[in-house]
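Note that the chains are named A, B and C in the order they appear, and that numbering of residues resets to 1 at the start of each chain.
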Amino acid sequence: MDTPSPSTAPPPAVTVENLTKVFKSGFTKKPLLAVRQLSFTVGAGEVYGLIGPNGCGKSTTMKVMLGLLKATQGRATIFGRDSEEVASRQDVGFLPENPYFYKHLSGRETLNFYGKLCGLRGSELKGRTEAMLELTGLTHAAERRIGGYSKGMLQRVGLAQALIHEPRLLILDEPTAGVDPVGSRRIRDLILELKERGITIVVTSHLLEQMQEVCDRVGIMSNGRMVSEGKLEDLISVENQTELILQDASPELLARIHALVQESGGKSQLISEGKPRTTLEKLFLQSTTQTGDGE
Amino acid sequence: MANDFAPQSLMSSAPSRSAYSSFSPGRIWTMATHTVTQLIRMRILVFMGIISMVIVIAAFAFPAVSPEQQLKLLKDWTFGALKIFFIIIAIAATGLLLPRDLEDRTLYTTLSKPVPRYEYLIGKLLGVMLLLGGGLLLMDLVFSLMLYLKQSLIISSQIAALEKEQAATPENIAFIKDLNSRFGLTYSLHSAVWAIFLQASVVAAVSLLISCFASSTLFTILVGIAFVIAGHGQSLLREWFLDKMSGFWQKSLSGAIAVFCPDLTLFDLAEPAIRGEVIPLGVLTEVSGIALLYIVGYTSVAYLFFVEKEL
Amino acid sequence: MKNKILGVLLLVALGVVKVPLEDRVADSLKAAQLRDAPLALSLRESVSQMAFAAALGGLRSLVASITYLRAYVAFEDRDWGRVDSLMTLTTRMQPREAMYWDEAAWHMAYNAATSTQQREDLRAAIRNKEFREYVLRGLTIVQEGLVYNPNNPKLLVREAEIYRDRLKDPRPAAEAFLLAAKNGAKPFYERMGAYELVKLGEPRDMQQAYEILKRHYDKGFRYPSVLRDLDILERKLNIPAAQRVGHPLPPTPPPHRK
């Protein structure tokens, strides 16, 4: 359709404009507002995180971006093309949440199938398939039928098929769901590597620490609305609070600190006090030696 | 639709693959062969084994009846089995495809690739048709072989009987050969197999349309069967099931059936072919033409519904 | 939503377009003798729902073959009433299948009739009455078959044989034999017709029989029975001696000699 001329600035990788999605389902046909007036833009090369509680409309937004659902109002574009156009999908790789594949095919056949759908043929197809198996650590299981794959392996096949045609945009819906911490860390590293190569990524996850590590910008959704959006540093630093971490502090010292805070008066006050903990993730990493399925 | 953005420096490598086109036989073929693989791995070929067994049993199970009847029984049972099983395959295979993809959410990954939804549908239907065609070809071979064998056996035993009665005149031998070739293997029998292929393909197209409304395999299969029954005996169906309905309802219902149901009796060429009737090429062409109309028509309607489908 | 409405419209349009096309194809099929008359609804009472549904679904030949095989079992049990009803079902299922009519008639006029005739427990008068009834039943069947399959040689031959062998009625037998021969039965049956004509003895019939047998004689069919009947005819019709070819059967045919 409207081909942007090379001279103009490249269009943003993703735009979502005033997106509203209403589901009418069930016997009552009661409308359900899943996404309301949502707008955001993801620039080329950015890693954008969508976070929010369960059912806030993250996956719905992604499906609209892929033309799997039709927007009730508003629209989404991918590199300047309306997401309802099939052609917009040639530059996108999508990993749905809880991905599932044809269980009668082996891992390799599955990647071949998706590669062919993307127009890959011959030695290029073969090369890409093997590279993706390698990348996601599935080479050892490539001959096995998908029906016997574990959840984490399915997630990795999902990632491999999303990447098979070297898309410029990756849309990942909870890529680390069901993946063990080692695998999850690998996926995080992969995202960072792809980011380095300039691939745009839109990702959702409930693992906020990881999101923190990879995202340039995040949007926080709640009840289908964008409640907060911006650069990560801006969002997470709390300007009016200060954290002290003490080692071997005697009860007397603590009492004196309490007293000092009291004395200083004004608005300052002690909000919390306790023993810091190592993160569960770190603990798990230190104490487990198994590295993913098989291998 | 050639529109490659200027390759960005950020991209790791410039892929050499062809630009996206809105209709790609390659993608359809990929979908179709994938569908065939999927169905074959669902052990749908077991059906072929069953049909072959029916053919072999029918060929040798009834030695008591007259030779002509033996040939007829072999043909009756073969065509009965072909028709039943291939219609079941057409409905079940189609019913297993789209609703399964929806239930398993495999549709998400497929349709998030640059695959237009019509290509997805055409690919699936083509896959089912390839399976039906391949299966029928195989069964036709088995059947032809058995029939030819049986026919040769009968001819030689009849000639032997004639010789015993000292009546093996050239006249009588020619008559026996002529009779057996009329009731044995003829081109019309292959035409009748082709008609079964057409019929099963039409049923598959109708099932595909149904599965675009339905979201479950069971529903697709049940409604598919209802369509097959309605498509076979429209007038009889009305009298059989709807005796008690008033004239108005009967009329509107029969009108609806005539409009929405393909007339599947047009493809019932097995009976005349078994009887030894010749199926002229012109008639076969017409029958193939109407099958094509049904398939294209129902698939187009299926697309219009599928394109609206929320996944 | 727009596409769905379009879809419904297309479906209806397709339905409206296809009906006349379907009629056209149906007519072509009928013209090529490829379309059978719809199933008689009266059959619904005589077969199971399942079989009837299968028959409706285009599996008539399969259902017919099953009732036929059941009739065959009944025949082996000599249960003639059952043979008759099952064969009737079979022929109703596939009325265009002459083989079924032929066999149904044969079961009645030959098997059933002969078997009652041999029953020692019945009085002779009753045996003869039942024999005749079965033969006539066979005749009715074959004649009904001829309504669905006009001039079918196989059925005509069966009819002729019933008249000749079971009812000893040469005229209809001759007519049926000759009609069968005209419609593709073996040439042998034309001679059969001629033999029946000879039995009638009317001059016109004899003339016709003579023409037939002479023609066959000239074609090389010089079997003893041809020669015997030609001899009779030549004498009755006063054919000039020079043209006579027939001669009576030798008084005692020497056995085992070519």
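Assorted remarks:
By our rule, a residue touches a chain if its C-beta (ideal position, glycine included) is under 8 Å from a C-beta of that chain, and two chains touch if they have at least 3 such contacts.
Bear in mind that the values here come from a model prediction, so they are computed numbers and not experimental data.
Arrangement of the chains shown, judged by which pairs touch: a linear chain-to-chain path with two open ends. Taking each chain's centre as the mean of its CA atoms, A is the chain most distant from subunit C. If you average the Cα atoms of subunit A and of subunit C, the two centres end up 81 Å apart. One finds 46 Å separating the Cα centroids of subunit A and subunit B. Chain centres here are Cα averages; for subunit B and subunit C they lie 36 Å apart.
Residues of subunit A in contact with two or more other chains: none. Residue numbers of subunit B whose C-beta contacts span two or more other chains: 308.
Residues 1, 3, 5-6, 8-13, 15-18, 20, 22, 24, 26-27, 30-31, 34, 37-38, 41-42, 104-106, 108-116, 308, 310-311 of subunit B are the ones touching subunit A in the complex. Contacts from subunit B toward subunit C in the complex involve residues 62, 64-66, 68-69, 72-73, 75-77, 79-80, 83-84, 171-172, 175, 228-229, 232-233, 235-237, 239-240, 258-260, 262-266, 268-272, 274-275, 277-280, 282-283, 286-287, 290, 293-294, 297-298, 300-301, 304-305, 307-308. Within the complex formed with subunit B, the subunit C residues making contact are 1, 3-4, 6-7, 10-12, 14-19, 21-22, 24-26, 28-29, 32-36, 38-39, 41, 44, 52-53, 56-62, 64-65, 68-69, 72, 94, 96-97, 99, 103, 186-188.
Those residues of subunit A whose C-beta lies close enough to touch subunit B in the complex are 3-4, 6, 10, 23, 44-45, 63, 66-70, 79, 86-87, 89-90, 92, 94, 96, 98-105, 109, 113-114, 116-121, 124, 158, 161, 165-166, 168, 197-199.
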